[in-house]
Amino acid sequence: MASTTTTADVAVPANKGADDNYLTHDKGIASWLLTLDHKRISVMYFICVISAFALGGTFALLIRTELLTPGRTIVDADTYNQLFTLHGAVMVFLVIIPGIPAAIGNFVLPLHLGAKDVAFPKLNLMSWYMWVAGACFMLTSLIVSAADTGWTFYTPYSTTTLTAVIPALTGAFILGFSSIFTGLNFIVTIHKMRAPGLTWFRLPLFVWGLYSTAIMQVLATPVLGITLLMLIVERAFGIGIFDPALGGDPVLFQHFFWFYSHPAVYIMIVPAFGVISEIIPVFSRKRLFGYSFIALSSVAIAILSFLVWGHHMFVSGQSVLAGSIFSAITFLIAIPTAIKVLNWISTMYKGAIHLDTPMLYALMFLWVFTIGGVTGLFLSTMATDVHLTDTYFVVAHFHYVMMGGAITAFFGGVHYWWPKIFGRMYNEKTGQLGSVLVFIGLNLTFFPQFIMGSRGMPRRYYNYIPEFQPFHVASSIGAYILGFGFLITTVSLIKTLFKKADAPMNPWGSNTLEWTISSPPPYYNFDKVPHVTEGPYEYEDWEYNEKIGGYERKSLKAGT
Amino acid sequence: MAQETKQDAHGAHGAAHDGAIGHALSPALLIGIWLGLMVFTGLTVFMSQQGLGPQASFIVAMVIATIKAGLVMSVFMHLWWDKRMNLFVFLGSFLFVMLFIGMLLTDKSEYKPDIDRKTADDLAKSTAP
Amino acid sequence: MMNPLLTLAFAPIPVPNNVPTLNPSPYFWLPVPASTMAQPIDDLFNYVMWVSVISCLLLMGLMIYFVTKYRAKSRKDEGTSSSDHHTGLELFWSIGPLPVLLAMFVWGFQGFVALRTTPKDAYEVHVTAQKWKWLFEYPNGYTDDVLHVPNGRKVRAVINAVDVLHSFFLPAFRTKIDAVPGRYTELWFEPTAPGTYPIFCAEYCGTGHSAMITKVVVHEAASFDKWLEDAGKAIDALPPEELGQKMYNQQGCSGCHSLDGSPKTGPSWKGLFGKSETMSDGSSVNVDENYIRESILDPQAKIVRGFGPVMPTFKGKLSDKKISGIIAFIKAQK
Amino acid sequence: MTDTTADSVTGHGHGDHGDAAHAHNPFLAHHFDTPLQQFEAGKFGIWLFLVTEILFFSGLFCAYTVYRTLDPDVFEWGHYFLDTKLGALNTSVLIFSSLTAAWAVRNAQLSQHRALCVNIVLTLLCAATFMCVKYEEYSHKFHAGLLPGKHFQPNEDVWEQPAYWKKNGPPPDGLLDDPPKKEAIEKADKIITRGHPYRFQPPPNAARFFGIYFCMTGLHGIHVLAGMIIWIWMLTKAARKQFGPTYYGPVDYAALYWHLVDLIWIYLFPLLYLID
C-alpha cells in the first residue's frame, strides 16, 4: 500500500526494506536461472534477445557488405545464402517474435494488471529455457553447416540441400512452443489476474496488444510446429508429404507455412502497436484518442490475420479464386491498421509534446510504419504483386514494417521502461542521437530497395546486373549508419547499469500501474492489491517535480 | 482478485469460500456415456461394411465420430457444466481448422488439373521408347 | 554512382550471358515496359503510388505539424484538450478509405485475371527450369537456353521445374510465375517492342540462384518463323561433338559435371570416357557408350561412389541423336 | 489509474481473503488469492493448451483431406492393409481409458484416494495396451514394406488382404495359396482389373497413404506416451493423498488432455481404417 502512495520511502511489509527490489532480493546466478519471478525472467529474455539481435545484425551487415559490388565481394555464394537464411531466422524467431511480448511484456503485463505474477510462473520460466534451447539448435546449425534455405524453408529445396537444415528446423520448432506458452500464459493472466476495478476497457492498450498477439500465438504457432515437424520427418525419412520427388506437394508446404507465418507478421507488429499506444499519450500529456477503436482493431487484426496467408502465394501456382479471396481480405486488414495510425496522430492534437527518446522512437515508428503500410498496398493488389513479389520491393516493405515498425517500437519501449526495469536513467542526449541515427540509417538502407525492387531486382540474389549497383551501395551505407546507431544506443543503455539507481518512481508522468511502485519494482510488485477506478491515460493528477526528476500525484501531496 | 472469479452459476457445485470447487459426475452418467460411446463405435464399424459408396459412408462415419466427440466433450470433459468461455475457446479452434482446410481445398480443386496433366505427361515420357 | 575507392577495393565479376539492362525506362519506379500487359499494370501501379504518396504526405504532414505546434515548452506543460474520441471522425476514417481500397482490389483483380487467363490462340513454348538453367523448347522440337519470341504475337509459356522451385520472372513484361516440380504452371505475354530483355529466376533455388539469368529476344514478327527454322536446321547440321557441347550447356549438365576434373554434384567429364569407376554398391564399371546412355536415361541405376542419387532422368527429353552427341562430347574430354 | 488504497481493501476483501487461504492451503501458489482463482486459471490454461493441440493436429488433418481429395484411390487401396479389428479394439481401449480418467477426476473431487489410484492405474494399463496393439500394427507394416515415401516397398499385394475380398466377394480358389495358383490369378485378374487396373500393383503415389498414416498415428502415439508420463506423475501425487475437493486441478487437467487424445483417435479411426 505504501508503494502506491509515495515514492522514496517505501515501507513495505511483504518486502525486506527500502533498498530491496527484485534485482537485489536474491543473489547468485542460481537465483536468476531458477527464478519464477516474471521480472527476472523478463530481464533474462532481454539479455538473450539483445544478444540475438547483435548476431542477426552482424549477419545483416555482412550481407550488405557483400552486396556492395556485383559478384564476390567478401564471401562466396553459398556463404551468402547461409547468411541471409540465418539473418532471417534469427531476427524472426529469436528477436522480433519474443522481443516485445517476452522481453518487455513479461515485465510490464503483470504490473499493468496489478498482479503479483503471470498465471503460470513455472511455464514462463520453461518458455525462457525453450528459447535458449531453440537458440542452441540454431547455433548448432550455424556451426555444423548453416542452413541455406531462406527462413521460409520452402520445399523441395529444404528437403534436398546438403546443409544442416534439421537443427535449424528443430530450433524453430522449439522456439515456436516457447512462443505458444508465452501467449497461453498471457491470455490466462489477462483473463484471470486483473486487479479489482480493472475492467477490459480500463486496460492499457499495451495489454490489448499483448492479448491480440497471444491469441495469434496460440492459434497459429501450433501449425508452424506441425509444419516444421513434418518437414523434419520428410527430410530425415523421406515420407513424401512435401517432397514432389516422392509424390508430395510443395505448394501445400507454402500454405502450411504461411498459415502460421502471416499471423506471425502480426505477432511481431501488434505488440509494437501496444508500445506506441503507451508512449504517445504519455509524451503528449493527453488522453489517447479513440481508445476503443485501437483496442478492438487489434483484436480485429488478430482474427483477420488468419484469412490472408495466401497473399504470399499469388505467383506460387495458387488458384485465381483462392488468390482473390486472400487479396480482398488483405485490403480489409489495411483499415484497422490505418485507424490506429490516425488515432495516434490525433492524440498529439492539442497535446504538450515532449520529445524524449521514447517519443522520438514513437514518431519514427509512425513515419516508417506508414511507409511500410502503404507499400503493402502494392503487394496486396494482385496485378502489381505479380511484378513486385520476390523482388527487393518485398524486402524493403517487410523491413520497413518489421525493422522500422517492430524493432523501433521495441527500442522505444526499452527506453520508456528502462528506468522502471533497472531503476536507472539513461543519457538522454545519447538516446536521442541513437534514435536519429537509426532513423536516417533505416530510410537510407531500405528506401533504395523499393526503387530497385520495382525495377526488377529479385531478392536473395548474390550477384546482380550492374545497373542496380548504386542502389545497393546506398543501401549498404545506410546499413552501416543503422548498425552504428544501434551500437551507441546499446552501449549507452548498458553503461547505466554501472551507476547507482537514480530513477524516480514515475519519470514520464504515466498513469499505468507499474509507475505507482518504486523503480525498480519490489520483489512482490504490489503490497496491497491496487483498486482501479479510472482509465490508463488520465494525467490530470500527475505533476512534474524537478526535485525528484519525475512526476508525483497532486492528490497525495494535498492529502499529506 | 479478478472479478471473473465470481461463483459458478450453478451454486450447488460452485465454490464456497473454502468448499469444494466444481462438480463431480455421477457414476451412472459416466457409465451411460461410456456405453453410448461403445455402441457408436460398433455402429461406425457396422456402417462402414454396408457399402454405402465413398461419399455417403464418409459422411456417416464423420457424423458418428462427431456425435462421439460431442459426448466426450460435453460429459467427460465437463463442458456441459463448465464456464461458457472454455467451450467458446475450444469450439472456436475448430473454426480456424475449418478455415484452414476450406481454403486449401478451394485452392486444391482448382490446380488439380495442372498436376494431373504433368503426371500424365511424365508417365507418357517414362514409358516412351 | 559508384565510389571509385570501392571500385578499386572490390573488383566486380561480370554477370553471365551479357544480360541486357532494364533501361531506358520512362519511369523512375518501373523498368522498361515491353508487353501489352505492362501499360495497364503500370497505370495501376501509379494509381496505388499516388494514393500512397498522398496519404503519406497527409499523415506525416499532420504529424510534423502537431509536433512543432504543440511541442511542450517546459517539463510542466500538460495537454490542453481532454477529448479522447470523436465517433464521427473515427467512423469517417474507418469507412472513408474503403472505396479507394475497393477500387484497388477490383483493378488488381481484373489485371490478375488477365495475366492468368491465357488466350487460346497463343504460340506455345515449353519452359523447363532446373538448377541453374532455363531451357526453352519450341513446337518444332528446337531447344535453346535463350527465349526467342515473335513481336506482337501472344506467347504462352508452359513451365515446369525439374528439381526445386524456381520462378520465371520477366520484369519488362510485368509477369512472373513459379516453376513447381510435379505440376505445370503457365503464363502468357504479348511483346510490343523488339529487343532483348532479362529473365530472372525469382524464387530462391540455391548456389546459382543469382546466376539463373537469361534473356528474352523479341524478334520482328515477320522474321521469327524463318529464324526458328534456320536455328533448328543449324542444330541438325552440327557435328555430334558440337551438338554434345551445346547440350552440355543447354540441358544443365554443366551445373553438376565440370570439364576440368573437379568434382561438383556429379563426377567430372574430364578423362571420364574409358575410365573404370567404382559404384556405390562396390561393383566396378567401365565407362563406355552403353554406360553413359544408361546413366542419362536411368541415372539411378548405377551411381558412382561418393555421389548422391540426385540426377534427373532425361528419358523422353533428349533424342537419340542428342545423346550420341553428348557421348561424343564426353569422349572428347580427354 | 488511481489506486484508492486502504479503504478499498476492506471494501473488496480480496487481500485478506487471499492471505487466509494461503495460511491453510499448501497447494495454493503465492500469486493467486483463492483456490478457485487458481483452479480456474489452470483450467482456462489447459483449455487453451488443448486448442493449440487441435491446431497442431490440424496440419495433419489438412494434409489428409488434401491428399485424399487429390487421390481417393490411394486411400482406398491403402486402407485394405489396416486391420479394422485391431483399430476397433484400440478405439474401445481408449474409450474405456477415457471413462477411467473421468472417474479419476470424480475420485479426486471426493477425496477417494484409493479409488483414484485404481482408476489412474487402469488408465495407464489401457494406454499401455493401446501402445502394444499399435506396436503390433506397426511391426506388420514394417515387415510388409508398407512404409512412407522412399521406403515404400510393399511385399504384399492388396489382393492378399482378407479385407479386400470381404468387400469384393470371395477370392477364386487357390488365389490365397502360397504360391497362388496360376489360373486363380488369371481369374482374380479379371475381377480386379474391372474398373481398377492398378489393383495388382499399387496405384501411383500409393506411398502417400502410409506417409499420412504413420504421421497421424505416430504423432497420436507420441501423445499417448506423453499422457502416460503425466498419469504416472499424477499417480505419485495421488499416492501421497494430495488431492481433495479444493485441490484436484492437476487430475482434471490430465484427464482433459487424455480426453483430447481420445477425441483425436475417434476421428483417426474412421478416417484411416474405415474407408469405403
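Residue numbering begins at 1 within each chain, and the chains themselves are lettered A, B, C and D in the order written.
The rule is short, and it goes like this: a contact is a pair of C-beta atoms (placed from the backbone, for glycine too) under 8 Å apart; a residue touches a chain by one contact, two chains touch by 3 or more.
All of these numbers come straight from a predicted model, not from anything done at the bench.
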- Note on the structure: Note: chains that touch chain A and chain D both are B
- By CA centroids, point me to the most central chain in this structure. A
- More C-beta pairs touching across which pair, A-B or B-D? B-D
- Note on the structure: chain A and chain B have mean C-alpha positions lying a whole-number Å distance apart equal to 35
- How many Å are there between the centre of chain B and the centre of chain D, using C-alpha atoms for each centre? 12
- Message: Averaging over Cα atoms per chain, report the distance between chain B and chain C in Å.
- Response: 45
- Task: Any chance you could list the residues of chain B touching two or more other chains?
- Result: 1-2, 4-5, 85, 93, 96, 100, 104, 109, 111, 114-115, 119
- Task: Send over the residues of chain D in touch with two or more other chains.
- Result: 14, 33, 37, 40, 44, 48, 51, 54-55, 58, 62, 66, 70, 204
- Query: Taking each residue of chain C in turn, which ones touch at least two of the other chains?
  - Reply: 182-183, 185
- Note on the structure: A full list of chain pairs that touch reads A-B, A-C, A-D, B-C, B-D
- Interface with chain D, chain A side, in the complex: residues 1, 4-5, 115-121, 123, 180, 184-185, 187-188, 191-193, 196-198, 202, 218-223, 225-227, 229-230, 233-234, 237-241, 243, 246-249, 252, 256, 511-513, 516, 528-536, 538, 541, 555
- chain C to chain B touching residues, read off their complex: 160, 182-185, 313, 315-317
- Contact set on chain B toward chain D in their complex: 1-2, 4-5, 15, 17-22, 24-25, 27, 30-31, 33-34, 37-38, 41, 44-45, 48-49, 51-54, 57-58, 61-62, 64-65, 68-69, 72-73, 75-78, 82-83, 85-86, 89-90, 92-94, 96-97, 100-101, 104-105, 108-109, 112, 115, 119, 123
- The residues of chain A that touch chain C in their complex are 68-73, 77-78, 81, 148-150, 154, 156-157, 160-161, 244-245, 249-251, 284-293, 314-317, 320, 323-324, 327-328, 331, 334-335, 338-339, 341-343, 345-346, 348-355, 363, 366-367, 370-371, 374-375, 377-378, 380-387, 389-391, 451, 454-456, 458-467, 469-470, 473, 537, 539-540, 543-544, 546
- Taking the complex as given, what residues does chain B use to touch chain C? 111, 114-115, 117-119, 124-126, 128
